[in-house]
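One structure, pasted below without further comment.
In order of appearance the chains are A, B, C, D and E, and numbering begins at 1 in each one.
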């Protein structure tokens, strides 16, 4: 009997997964506009099927990358078109393809203007996202990384809310600052490799070669420190880590529902993926050196994100800040360099994609009917739209890390792993179990419980319960949330090898000594900037936040 | 004095500086053009002086000067035509009043 | 002048002949458009062939005053391309305004011959005259819309400052002649090698000459603080001319730099590289910062072109610091920038087919809806200018940054700073480029306007520019080989 | 009365020009060459200053002619009579006339009464002085590889050079002039009014 | 049928009931109860089979118990030297789980049946049963879990069910708030528990309950990464939350917003006992940390007296019962703390039944007076709802510790053990609590059933006894409340041999002996002979005396109407008494201001912190980002100013540049 892997042997399945949406985008672009929706969905579904075929042919137990495709691209610099998949990227690719078709389906009703352009943009976005996860050449990785940027920029900017331009430009500029520095780091790394190999560019952009080099000979200390800092900044902005997170709430609030879903579901994962795959593997010594700082930032993000989420008046902002908090687990788990923690971090990425994606879909459902997202104006949805409220509640608890659902496993593994390395960090992070429950349940209580609000009663005629199509978009996510809650082994087996690979690259790493003076200067600059900002505040800029009528406890 | 290169070069420098001053200070387009001619002539003086004093350049200075002269003439042609063209639009030769575009 | 001299300089001669031919065509059939276009484009095709043929082997003519090597061929092809694009894009702008195409083409072709001569100059005098041959038509073209106050204002500013800088450059040139005793580039290089190796001191006079020449050249490439003419001249000029000015004279001036600084002054690079670093820093930063505040797209692109000069200077600095890749990056950047920037200006020119349309940002409001294809193409060009892959602009930027990073790892920390500043600038630049996209796609148009109709010529040109912009980004390989050949013609830093 | 004033002015001018020559002759080693140079140089610089400072632009133009003539004199002294001749023909004959034409064409009634100088004239002066100083320092600080004696160049040598070593620049200059003329004619000629000021 | 199948079946049946009801319950309307109730009844039957087998040490249970592994849940392999983290989802039944199974399935079943009547008119009928079934699933998993993590899952799931059921009437704002509060306060404890589990893993590299406890109690010389005392404290934190001990007790009274069957099942009989069960389960761990046990005892007994003091003045019938539950749970923890593990479980069982009974009875009362919960608007109901009255009276006597009802035996055992193990202070406070317990229970009975009717005149004529479906479960609970204590503490034949016991200790103690043996030995406790005429008898007498004393005081103040014994309520005296200790009275009425304290701590200060963070985020973090942007733009605007539009200015700029350039070249030369 021939297995799927045999059938796929020699077939460029990865390229198909990546570029199928591009072909679809071209078809959509030249087809009549009224077909755009269905063609877009069909393409996304095809890509999804392709990714599932890939998953079926994947052998989790085999080490290294599979289905590797390799072709010379820019031979002068040894830049290759090199793709490959391992468990980590496979999981994220399938997440991407799934969320893409769900998002497209969820856009059918909300997006009425320029539907053709929308579909084209969305499909190109998918090209970039899958490309990032599958690229094994650092240059190619960067190219795909940037390809993601533009469609998202357009999606927020064209189909977004009232303040969309501010949000989208902020998103792009913020991301671009990081990613361009990453480009410098990638080039510097390639050159360092080239210089160490007698001026031969062969392999200088090949991730596998670089990783092997990094874990044996290793790059120089200065390059590691600076290169890691650059990569870290790029990825931390994407994740987003405190204090680089402020683009996220703005982008989420303004983005259309599907944009938010992809943003939270996939784009943030790009950062986590980059950290785990590239930053740690290429600069292990620097990773170890910076780890304490990153752990502290992660902890701040976890707690701070939850605290800020607590008082957000806007549903999407709340979910956005919850993302900051949740993604803190990813960075925390990645940088304690412990198997369970890293596995947990990866799981957390997937779960966050599913759960937060679903939450944004749900916010979209209500926004579609009320054209409002303010928590204060909702109330009593459970009475008016019971099915909707029930589904919302399900994902609220999934987000709060209720055991039995997928979110729990990731968080707990992260915490267990962290505890083994640093109990205090785990203790601080675990505190979010309370805060998370607090902001989520408080929000849910305010929107779903009690008597229906006057606002909702006023538009009762439009306030239909969740529709079949909307349920269809949420059902796969819910199913996966349950499935991964009960059988996280499905993912854990998949990522076992990548986790081991990543940890192997830091196994022999040593911390680089940093001149305390530099550290002091760095801290001084940060403090100075904060102080200057503080002093430059006008007293008029007083807080406009909602004071909670009642809160936790 | 007259058989020293320095003299001529200094003279050339002074002429160049005067031209520069005119270019920076005058308002009239044609004055500025004339200032530029002064500067080009300063250069030519230097070139001729070099031709007269530097053995390796001995015949060439004059040739170069002649060519520079021609270039200056071409420049003057173009410049004056532009001046006339803008004068038709703006009815003033004062360059500092041509500030429709700024920032 | 021998026959072989003539053969060697055939592309240049053909350029001059072509200009004459167009003149004749215009005299025979005054005001006719198609014959002019046919002759001009056909002639350019012939010149292209000539360039490629003569470029097969390195050669010199006129006793070394005219040099043909890989660099010459590469730059000539770039110039021909720039001029061809400009001619293709011009009619849609010129015709509604009653401006003749023939004179435009003739003057432009003269400018092209000047630029081609710069790239082939082996003698400082030739270099200077070629420079004048390139820029004088530029002044004329800037004022080509002579009934328009802005056009003539731009022209006179460009002319006055340009002449000023020419005088400065020439003054410096004179001193260099005087002190090296030769006008031949190789001769000067020999003399300076002696100075650099310590057998003779660098005299103040020579330094003064270098300073004046640097200033003159910096002016021509619009490096800060010698950039003042750029925004006004670009904004005022007729749009196709702006497109040409932003790339033609710029690449030409860089050709001058390559011949002069790289060819003649390479031995003194440790001295001038520091100047280049400072210039690059200032140029990038000021260009981008001021561009942020512009509301007129042409003026914005003018400042952006200043910024791009800065990026190209990064490549030069890296070369000066000892990396051949800097030179390659610079050349690649020049070609890529020409394609994408011409494309962007072509779109503006296409919009201005309707007389009375300004290039203010408001013009672009809702363009994505009104003119979907123009909108998409403009977006592509702007993304390329921003440096987003997979476009030409990205690879070009990556190239110069790579060179700078290499130089910094080789010990010149300032280049590292330069690389970081360059990318930060690129990020800031995204703001103003994307603002145009914002207007095109995220703003509603002011009032309905009937769609514009453009000829096949315009679309063909845009398609070509688009193809190049994407091709240079996705498959840089072909151009890369040519660029590396061209850079090698000047010699690698290691060899010098 | 006015004629006397002109004569007086001429006398003063001659005085200004001759005084340095006499001073140089008396105190500088009784060299005719030197004093001649001093005279030309003084004439050159004074007329140049006049060009950049005088209020009436027509007089500026005239002063420029004087300046060029003085320069031609120096060229002769430097043994480059051909350049001097060209200077006289091209500059004095052609360019100056061109300039005067342009002045006539662009003269407004209010012209002379307006401010001559920019508001930044002071800074301009300062910059010019500094520039002169820098050039002076550089010149004086440099050891020029000076020849033992001045070389006089024959015109036929020059012509030979022009058509051998410098044939390419020579040809190119002709192209340049052609381009300038074609473009200049286009710009300067008066068209039927077409288009409007809308290009921005 | 093999036990491999039967044990999971106990859980699977209600799970199926939940899934089916959730899916199609809405369409079943009034018939929605059949599936869930049926599932629970069958589940009870299966459970009884399993319990019988387990308690008789039948194969394959034996004395050590029997485990079923379902599937490998979390296979997180280690790498680079870290241990494998492999968690199997599985069940384990030993004597302790078996005893808990009895409580959970029996009361659960009865509450299900009762709900058919109680919830009969609710529009969310099907939803209620779905939730109840889900709760049964969770609680059974909790009892049966063989891994700490599975236990934790169930721990959280019961919390979820509690949330859903407290907030069942979600349109009521108070219900919504209470459900949220319950969940969040529980989460506080859960954080500790979760950290405790992590610590256990860090110490033992396993999360199997038996294996890990074996390692933790082995007293190895190898130092653990986390001290055992810390582990025990962390785990105890979970128990404090779930069992509503001080200071996390605040959620339980509010939880009375839920329907009464829920209060009976979850907030009296089962879920709140989870903490007790868990600490008992972890007895080897606690035994290895005696100082923590003292702490447990202190928390327990303090909660007991605190809650009892509040219960004395509350007027809401369910709140009185809620505080009573707190108080009784405090007893259990005190018992655990002093090392009397089996006494704690004993009290857990008896309390489960009589408190369940009391709650269901109160539900019946509330039902009768048309959803009125304020005891001041009741009175004289004894005649009108006799079944309810008599069953509740049994419950009240049982809880008050009057022999020979159930509560007496278990409470007395706790107090006796406390005294005998030297925890005199625990005993002393326990005695005071016993007085108070009897007092507030008979205050409740007096206010509700005896004396004059204070019921709303409109409702008065409509008062009726509840339907059979509600009263039958009441009686079924009353029976164990009457006799369970005696049965379970019966030391010898004929019951002992029936269940395979032969020891001198009580039946329950005998059952639990293998579970607690190790801990008892570690603590140096030996099972002393029960001395009816010695110390035990003395303590027993004191217990009875104080219970009676409390009872009498209550009668005196709030009246009594027990056939021959009659007394009128004396509200003036009550008022006079409270006026004598106004501070205490106010403290009690205001629940010692814990809710206000929490309000200040979490709403005011927490809100301040959260708002402060949001302010910081917007103005400082985002402010810096936007500030960089505006500084950049400002720089652009300022720099654009040099572009004056005047050529001469430009030229001057160029000239200056030239000067700088020339100057710097000359400087370079000069060097």
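Basically, a contact is a pair of C-beta atoms (placed from the backbone, for glycine too) under 8 Å apart; a residue touches a chain by one contact, two chains touch by 3 or more.
Here the structure is a predicted model, which means the values were calculated and not measured.
S.K.: In contact with subunit A and with subunit D at once: which chains are those? Just list them.
M.R.: C, E
S.K.: With centres defined from CA atoms, tell me which chain sits nearest the overall protein centre.
M.R.: A
S.K.: Report which interface contains more C-beta contacts, comparing C-E against C-D.
M.R.: Top pair by contacting C-beta pairs is C-D.
S.K.: Starting from the Cα centroid of subunit D, hunt down the chain whose centroid lies farthest away.
M.R.: Here the answer is chain E, farthest from subunit D.
S.K.: From the centre of subunit B, which other chain's Cα mean sits the farthest off?
M.R.: E
S.K.: When the C-alpha atoms of subunit A and subunit B are each averaged to a single point, how far apart are the two points in Å?
M.R.: The computed centroid separation for subunit A versus subunit B comes out at 64 Å.
S.K.: Report, in whole Å, the distance between the mean C-alpha point of subunit B and the mean C-alpha point of subunit D.
M.R.: Centre-to-centre distance between subunit B and subunit D: 7 Å.
S.K.: Quick one: subunit A and subunit C, Cα centre-to-centre, how many Å?
M.R.: The computed centroid separation for subunit A versus subunit C comes out at 42 Å.
S.K.: Distance from the CA centroid of subunit B to that of subunit E, rounded to the nearest Å?
M.R.: Chain centroid spacing, subunit B to subunit E, equals 97 Å.
S.K.: Give the residues of subunit C touching no fewer than two other chains, as numbers and ranges.
M.R.: 125, 129, 132, 136, 139-140, 143, 146-150, 155-157, 160, 164, 168, 175, 178, 181, 203-204, 207-208, 231-232, 235-236, 293-294, 428
S.K.: Could you check subunit E for residues that touch two or more other chains and list them?
M.R.: Only 640, 643, 645-649, 651-652, 655-656, 658, 662, 666 qualify.
S.K.: Please list all residues of subunit B that touch 2 or more other chains.
M.R.: 16, 19-20, 23-27, 29, 32-33, 54-56, 60, 64, 67, 71, 74-75, 78, 81-83, 85, 88-89, 95-96, 98, 100-103, in rising order.
S.K.: Which category does the touching pattern between chains fall into here: line, ring, star, complete, or other?
M.R.: other
S.K.: If we use the touch criterion from the header, which chain pairs count as touching?
M.R.: A-C, A-E, B-C, B-D, B-E, C-D, C-E, D-E
S.K.: Which residues, counting only subunit B, touch subunit E once they are in their complex?
M.R.: That would be residues 20, 23-27, 32, 95-96, 98-103 of subunit B.
S.K.: Which residues, counting only subunit D, touch subunit B once they are in their complex?
M.R.: Touching subunit B from subunit D are residues 24, 28, 31, 33-34, 36-38, 41, 44-45, 48-49, 51-53, 57, 60-61, 64, 67-68, 71, 74-75, 77-80, 82-83, 86-87, 90-91, 94-95, 98-99, 101-103, 105-108, 111, 114-118, 120-121, 123-125, 127-129, 131-132, 135-136, 139-140, 144-147, 149-151, 153, 157-158, 161-162, 165-166, 169-170, 173, 176-177, 179-181, 183-185, 187-188, 190, 197, 200.
S.K.: What residues on subunit D touch subunit E, complex-wise?
M.R.: It comes out as residues 118, 120, 123-124, 127, 130-131, 134, 137-138.
S.K.: Given the complex with subunit D, which residues does subunit E contribute to the contact?
M.R.: Answer in residue numbers: 646, 648-649, 652, 655-656, 658-659, 662-663, 666.
S.K.: Sort out for me which residues of subunit E touch subunit A in the complex.
M.R.: Of all residues in subunit E, those touching subunit A are 71-80, 82, 85, 89, 149, 152-153, 155-157, 160, 163, 167, 170-173, 175-177, 179-181, 183-185, 187-188, 190-191, 194-195, 198-199, 201-202, 225-226, 250, 598-599, 601-603, 606-607, 609-611, 613-615, 617-625, 627, 629.
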